[in-house]
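Both complexes below contain subunit A, partnered by subunit B and then by subunit C.
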Partner chain A sequence: MEIEIISFGKISEFISNQKITIDCGTTDELKTHLENIFPQLAGMKYKLALNKNLVQQNSEIKNSDSIAIMPPFSGG
Partner chain B sequence: MSEKKIKNIFVDGPVSPEFIAKSIANHNIKTEIGGHSIFMGQVRKDEIDGKIVSAIDYTAFEDLALNKIHEIREEIFDKYPLSCMHIHHSLGTIKAGEICLFVFTSSKHRKPAIEACNELVERIKSELPIWGKEIFADASHQWKENI
Partner chain C sequence: MNTERYQRQIILGGFGIESQQRLTEAKVLVIGAGGLGCPALQYLVAAGVGCIGIADHDVVELSNLQRQVLFGMDDIGLSKAEVAAKRLQQMNPETELILHPILVDRTNVAEIISGYDLIFDGTDNFESRYLINDACVLLKKPLVFAAVSGFEGQIAIFNVANELGISTNYRDLFPFQPGANEIPNCAENGVLGVLPGIIGTMAAGEIIKLLTKIGKPLINKLLHYNLLSQEQYEINISPSDEYQKVTTEAELMNNNIENPIQSYIEIDAERMMELSKKDSTLIIDVRERHEFPRLNANTFQQVPMSEFDRFASSNIKADHIVLLCQHGIRSVAAAEKLHQKYGDTKRIYSLKGGITKWRNHFLTF
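Let's look at the complex of A and B:
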């Protein structure tokens, strides 16, 4: 299936917004996959949002979902 | 989540002192208020490894941030007896010395206003998907980390 990834902060410097084809069914599997294709992500602290909701536990991914990859927040 | 309209907190560029003054003045008709608490975040001209921070460039995942601050706003209103709560956060490039965050709470007596303001600032910094990129005088940059 195809999903859209968007990235923010420091992560946006090495992962551009793009559509990728994956065969992962869950956000945990996706994390492993992302760390394989973007090695700089491994070892970094980051959170995912699935369709604009913060992922707090392993969640199912469906075709054409949107995944945001977010480094630690630094507003204020 | 309630049906209340989601308010935008983001402003392009710095929060101006004139805007802050006007926000304060707008409350003179709300005569039940006895105490205001205000926090203003200002971009600090830090020196990092010999380089001077000249500005911070803020970006946000706006949809997620606005949903989250809506939740936080409701929780704070449930927790403290507040009359008013106003939150403004800058996006874009904010120069050292300019205001990038303005949080303003009001209540009948001082303590709820002070405590709510403090809690809001802490939660804004830790829970909202906003990122600050520190721009140095030589145009290089590093990503800010909240402590």
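Let's look at the complex of A and C:
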């Protein structure tokens, strides 16, 4: 299925906003998948949002869902 | 209150003298008089917030002037809190300004914030942000959070219940403080001066909305702003069960929150059982195969210490790894090995006291 990836901050430097085709059905599987393709992600703190809702537990992904990948910001 | 000064906002439909009165009665603490704090302070003072605390221990530097618009050349080397207060008092003598020209740290945070109705976090480092968040959770203070990185900003409101009575805090968003060097700060990463100007001003808008109860403040929402594209992206924040809230001032002062920077975390059996419910948790029994009691192999994967190095060199997928043994001593050694390999990317736990201490809990698995 195809999903939309939206990234922020430092993460957008190595994952651009794009539509990707995946064969994983859950957010946990997607995390593993993304960390395999983008090894920088594995060493960072980040959070996913599925269709603009923060992912707090493993959730099912459906075709054409949007996934946001957000790092924390500290600057002031 | 001089109503002529505030006339342009008092005449607004939905604002009026009642809202102005609420601003006059409010006590707001701004922590960090920097890129975010300066514009927020300017608009809060101009709008007529009755009492504003300014907490910043830094002095003005030349490299601040590109974004910290309350300061000028003559102020270099002077206290930011004091210079800001002087400027702001000229802008509006009706606002009472309280100076805290000290570093807000574990020893003083609760005392400082306890005197205010609402806290604005405009600091520039994670240590302060987690500390301020935890103190606001403990003291149930509304917290307006703003932060920037490069050309992007984040704003959120914490510790304010929505219509369903649900409130969230920064740890619901990012439960644990990133390690040093994991996420760059402005000094390393750079920031376009106008960005904290925009984000700090948006934060002042949220503060005014909260204080006067107008509009829809960003309660339980994280707003992302991108200066380059002018795009905004709003995310709904829900409570997380990944961390334990600070419940006493002593905990706050001792930083007892589970923190991955401390390599591994010693937990009790109840926490282990909570973790065991997550799909992303792996529980490992590091005792040798001849030891008793034998545990349910479906829940507890057995990896004896004698085979542990080989296991540690394999690629473990779980995000949470709980180690246990008979007395909780070997499991600490195993936790250290895993932390050496995975650093802060995985949460590693050791069952304190081991199976001996929590024997009854193992009967229920």
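Throughout what follows, the second predicted complex is superposed on the first by the 72 of 76 C-alpha atoms of A that agree within 3 Å, B and C clash if a C-alpha of one lies under 4 Å from a C-alpha of the other, contacts with A are read in each partner's own complex, and residues count from 1 in each chain.
Methods note: a residue touches a chain if its C-beta (ideal position, glycine included) is under 8 Å from a C-beta of that chain, and two chains touch if they have at least 3 such contacts.
Owing to the predicted nature of the structure, the values given are computational and were not obtained by experimental measurement.
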{"item": "Touching partner for A:Ser74 - first (subunit B), second (subunit C), both, neither", "value": "both"}
{"item": "Partner chain in contact with A:Lys52 - subunit B first, subunit C second, else both or neither", "value": "both"}
{"item": "Contacts of A:Gly43 with subunit B and subunit C, given as first, second, both or neither", "value": "second"}
{"item": "Partner chain(s) touched by A:Phe8 [first = subunit B, second = subunit C, both, neither]", "value": "both"}
{"item": "Which partner reaches more residues of subunit A (counting touched residues only), subunit B or subunit C", "value": "C"}
{"item": "Common ground on subunit A, meaning residues reached by subunit C in one complex and by subunit B in the other", "value": "6, 8-10, 49, 52-54, 68, 70-76"}
{"item": "Sites on subunit A touched by subunit C in the complex", "value": "6, 8-10, 28, 32, 42-45, 47, 49, 52-54, 56-58, 68, 70-76"}
{"item": "Footprint of subunit B on subunit A - complex, ascending", "value": "6, 8-10, 49, 52-54, 68, 70-76"}
{"item": "Subunit A-facing residues of subunit B, complex", "value": "41, 58-61, 63-64, 67-68, 89, 100-101, 121, 124-133, 143-146"}
{"item": "Of subunit C, residues touching subunit A in the complex", "value": "32, 34-37, 122-126, 129, 146-150, 152-154, 172-174, 176, 178, 182-186, 189, 191, 196, 222, 224, 226, 233-242, 278-280, 317, 343-345"}
